[in-house]
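In the two complexes that follow, chain A is the common piece, with chain B as its partner first and chain C second.
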Partner chain A sequence: MNDLIPLMVIVPIIVAILLNLFSKQNTTVKILSFLVAIVLPIIPILSNYGLHYFGGHAPLIDNGNLLNSLPSYISDGALSTFHIGITYSFESLQRILLFFLFVVGFLCILTTLGERKRIPGSYMFLMFMGLAAVTAMLLSDDIFHMYIFFEIAIVAQVGIVLASTDDLKYEVAMKYLLLGSVGGPILLIGIGFLLGLVGSVNITDIVYAVKNGLINTSSPVFLFSFGLIFFGWLYSVGLPPFHTIKSSIYSKAVPSGSALLQALSVVIFISLGITIFRIYSSLPLLEVFLIFFSLSGMILSLTMAIMENDFKRMIGFLAVGELGYIGLGFGIGTKLSLTAALFQGLNEIIITAILFIGFGVILYLTKISDITKLGGLIENNPKIAIIVLLGGFAMAGVPPLNGFQSKLMLIQSALNDNLPELAIIMILISIITFMTFMKAFHSIYLKPKPKNLIVEDVRVPRSSIFAMAVLIVICIVLGIMPTLVTNGFSGFVGGLI
Partner chain B sequence: MIDTQLAALLSSGSFIIIGLYAAIFIDNIIKKIIGLSFIEEGANMFLITLAYRPDGIVPIFLPGMTPEWFASKSAYPLPHALVLTSIVIGASTLAIMLAIAMVLYNKHGSLSASVILGDKK
Partner chain C sequence: MDLYAMIYSSIKEFKGNIRKDPTTNQNVSSAMAAELTIVSTVLIATIMLRHLNIMLTVLIVLGLGLFLITGMPLINKLKREQNDSLNKMMFYMILTLGILVTSIYWGFKP
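== the complex of A and B ==
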């Protein structure tokens, strides 16, 4: 059922619009959000692999009658293989990532519904628009289409931050938008250079032109387009020099919103990362740039996470730092490393959601995010403490959880590619991540409770506990049986290299 | 006489450089936003420039034209379509930035970026 492919984008957009229309009708907003969020993960499961041509505009070569009526310079050349309209491509990568993205999206929406009595429809609108935008980016085979949804995703992310109650939300949102207004046009100019070279914005067409020598890959224009698109990618994913603003964005949103923001960022990271890899994999510069910026991101973010006492910002920095692992996988560029990078991306979505929702419960009960003012909370919520602890273990790469499997694959791929120094750095960063997480966990749960700490006598929303429980089960299952997803990723990567 | 396409390219480059200057060096947040608009319009103009063809025609296929003649004369329509979308997206982002700037002005009583955004984490 290839017709279901565009529905993965269309359904959340339509629901988002409806939610905005019924913004003030609380019950309608809640029911509609819940129902659609629970249905969304089913669509990627039911869809068949394949391509969807918008408007039915298949490449000319697929239309024999039309092809015969065209001049020979079109019918016999590369032009006949070029894509005329926007194309969506749905393969194993898209199925796995979108399924888990929608599951995390559902759990974030469920948590929001559980934590708030009144939900503005506009907030749910932003959540669904964010989901639709990154889904379109992952499915699209058109780089300009990706750019458009990239901009929509940024606006949705800013909106999610603005819906929080943090005092500094406007300042952080403005900073993010100011930077985004530089990053976006720079990405667009890079796309413009590619359009000028190839005459198409379809990624498959651009890759065809690059691989078949139709364009000069050592020309300054091609290299310049690489630099510009790479810069736009750094902004969108929060690698240096944008790591600070990205973690600020996470720390200012409500915790369930932060979980979704990180999921959106990871999917943007993977979508644009794969596009860059496909187009520019012939450039030796690509490997150097990817490894340099990923390592810088990991080291800088971790350094800032260690010094941080605000657990929201700490998790924000850890989340941004973990993205570096995905970049390293792309940088190494082998089949194993790319599979590991995609697996790491999936794990990142799940693990950070656990941590944001788990620490969100602390915020819900105490209204405090400074770990020096917290303590002894294991007495109040031992179950949540255990789930958060397991989430932290998964992030640090402790066996047998999913984070361990993806990091092990990444380390193996670095060793196989004669890059032992990278493997050592990855191990060291995992250890420091573990220490940083344990510092926060000890301060919040294990150290004696401060006398002036007031824990509100309210029950933790069941939706939050349910969301965390589902996510931790996924972590354990993927840790024990990683082949459930790695086979699919490996199949996709096989076609990529 | 300067080539039209070259002149347009230089103009788009100027827009981008002026915009970058405003975004980086001017402290007033509204002027920063105007600068960012310049960058965006520069990018749009750059795309439009790609579509230009000397002595070209509007890319509408009319009765009496042969496909070969049309293909040799028509401007490239794709960048025009892209820019149209880009303008809409740019306008939305601009509206949000201005709305936030209004809120920040009411909160801080200033439009200075160093005052508003200073050392906020």
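== the complex of A and C ==
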């Protein structure tokens, strides 16, 4: 059913608007959010693979009658293959990623519903809007359409941060928007250059023009567009020099919001990353830039994470650092590495959600995020501690969890591509990730409880425990049976290279 | 002065400027791990230049190794540069854009 493809974007947008309309009716907001969030993951499962042309504007070549009635310079030329309207493409990558994105989205919404007695409709509006925006980015084959939804996603992310109770939320959100006022327009200028060169913003058309020599790929305009779009991508995903502000954003949102923010960032990373890879893969510098910035992001973020004492900031840095693995997969650029990068991206969405929600429980009970002031909390919640421990193991790449499988694939791809240095660095970074996580885990759960630590006598919301349990089961299943998703990713990558 | 003592005094000085809590063994261990990670990963990453020229790689690795080891402790300097100051973020953003565009321009110049 190709008609279901646009519904993955339209449904969350409509619900977001409705939630905003009924913002003050708490019960309506709760029921509507819950029902729609649980239905969303079903749509990608039911949809058929294929293309959806908005307004029915298929390329001329697909419309024989119209094509024959046109002059030969159109019907025989490249114009006949160009896409006239916005196109959504739904393949195995989109099905897998969107299914898991919506599952994580549902669990984040469920956690929020469980933790708060009163839910403002505007907050739910932002969560659904963020989901809709990144879904559109992943489905869209139109780079300008992607940009529009990218800006919507950024605004939704800032809104989610503003909904927290952190004292510094306004300052951090303002800084993020200020940096975005440079990063976003630079991305748009890059897209403008591409439009000027090719005459189309459809990614398939641009790739066709590049591969068939319709444009000069060594022209300054094409190269400049690459530089600008690449820079915009760095901003959108939080690679250096934007890793500091991205980790800060994560640390200022409420934990379930942070989990969603990271999921949105990963999908933006993959959507724009694939677009850049498709258009500019002929440029030899692409591989160098991808590897350089990904490595820098991993090294800088991980070294900052291990120095942190605030667990929210620590996970923020860890989450940003882990994104570097995806970038390295794109940088190596082989079928195995790209498959591994997509798998790592999926794992990243799931694992960081566990950690944000798990450590969020600590914040819920103690209102403290400084690990030097915490301790001995394993007595209060041993089950949650075990789930968080498993989540940390998955992030560090401990077998048999999903993080191990994707990192192993990445290391194998680096070795196959005669880049053993990258393999060694990936192993080193995994060790540091493990160490950082264990530092936080020991300080929060295992060291003696400080005398002045007050743990509120409230029950941990069942929704949080349920969300973590579901996510950890997914980690274990994907760790034992990675082919459940890697076959789909591999099929998609096969068509990409 | 050994590495532990050097990092300890560096952290103490750094923390003294921003907060008053004590410098613990955990702080120093974390900083040492971060320090060694920075040095080792940067040097290993530099070896990838062997795809361009092996002699150049040897020279750069030796020079960079000397620079990193004599510049220890590095991590507090890095932490200072990666704080939440908008000025620093803007500075590094503009620097990155400049480097990116320059390297693309020179990298492809016939």
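We adopt the following convention: the second predicted complex is superposed on the first by the 497 of 497 C-alpha atoms of A that agree within 3 Å, B and C clash if a C-alpha of one lies under 4 Å from a C-alpha of the other, contacts with A are read in each partner's own complex, and residues count from 1 in each chain.
In this text, a contact is a pair of C-beta atoms (placed from the backbone, for glycine too) under 8 Å apart; a residue touches a chain by one contact, two chains touch by 3 or more.
Treat the numbers as computed from the prediction; the structure is a model and nothing was measured.
K.L.:
Just checking: does A:152 make contact with chain B only, chain C only, both, or neither of them? Give me first, second, both or neither.
P.N.:
The first partner, chain B, only.
K.L.:
Between chain B (first) and chain C (second), which does A:178 come into contact with in this model arrangement: first, second, both, or neither?
P.N.:
In the superposed model, A:178 contacts both chain B and chain C.
K.L.:
Just chain B (first), just chain C (second), both, or neither: which does A:302 touch?
P.N.:
second
K.L.:
Look at A:248 in the shared chain and tell me whether it touches chain B only, chain C only, both, or neither; answer first, second, both or neither.
P.N.:
both
K.L.:
On chain A, which stretch or stretches are contacted by chain B in one complex as well as by chain C in the other?
P.N.:
Residues 172, 175, 178, 182, 186, 248 of chain A touch both chain B and chain C.
K.L.:
Along chain A, where are the residues that touch chain C in the complex?
P.N.:
Listed in rising order, the residues are 172, 175, 178-179, 182-183, 186, 218, 220, 223-224, 226-227, 230-231, 234, 240-245, 248, 285, 289, 291, 295, 299-300, 302-304, 306-307, 372, 419, 421-422, 424-425, 428-429, 432, 435, 439, 443.
K.L.:
Which of the residues in chain B come into contact with chain A in the complex?
P.N.:
By the definition above, chain B touches chain A via 16, 20, 23, 29, 32-33, 36, 39-40, 42-44, 46-47, 50, 67-68, 76, 78-79, 82, 85-86, 89, 92-93, 96-97, 100-101, 103-104, 107, 116-117, 120-121.
K.L.:
Residue numbers of chain C touching chain A in their complex, please.
P.N.:
Contact set of chain C toward chain A: 21, 24, 26-27, 30-31, 33-34, 37-38, 40-42, 44-45, 47-48, 75, 78-79, 82-84, 86, 89-90, 92-93, 95-97, 100-101, 103-105, 107-108, 110.
K.L.:
Per the contact definition, I'd like the list of chain A residues that touch chain B in the complex.
P.N.:
Touching chain B: residues 70-71, 144, 147-148, 151-152, 154-155, 158, 162, 168, 170-175, 177-178, 180-182, 184-186, 188-189, 192, 195-196, 199-201, 248, 251, 313 of chain A.
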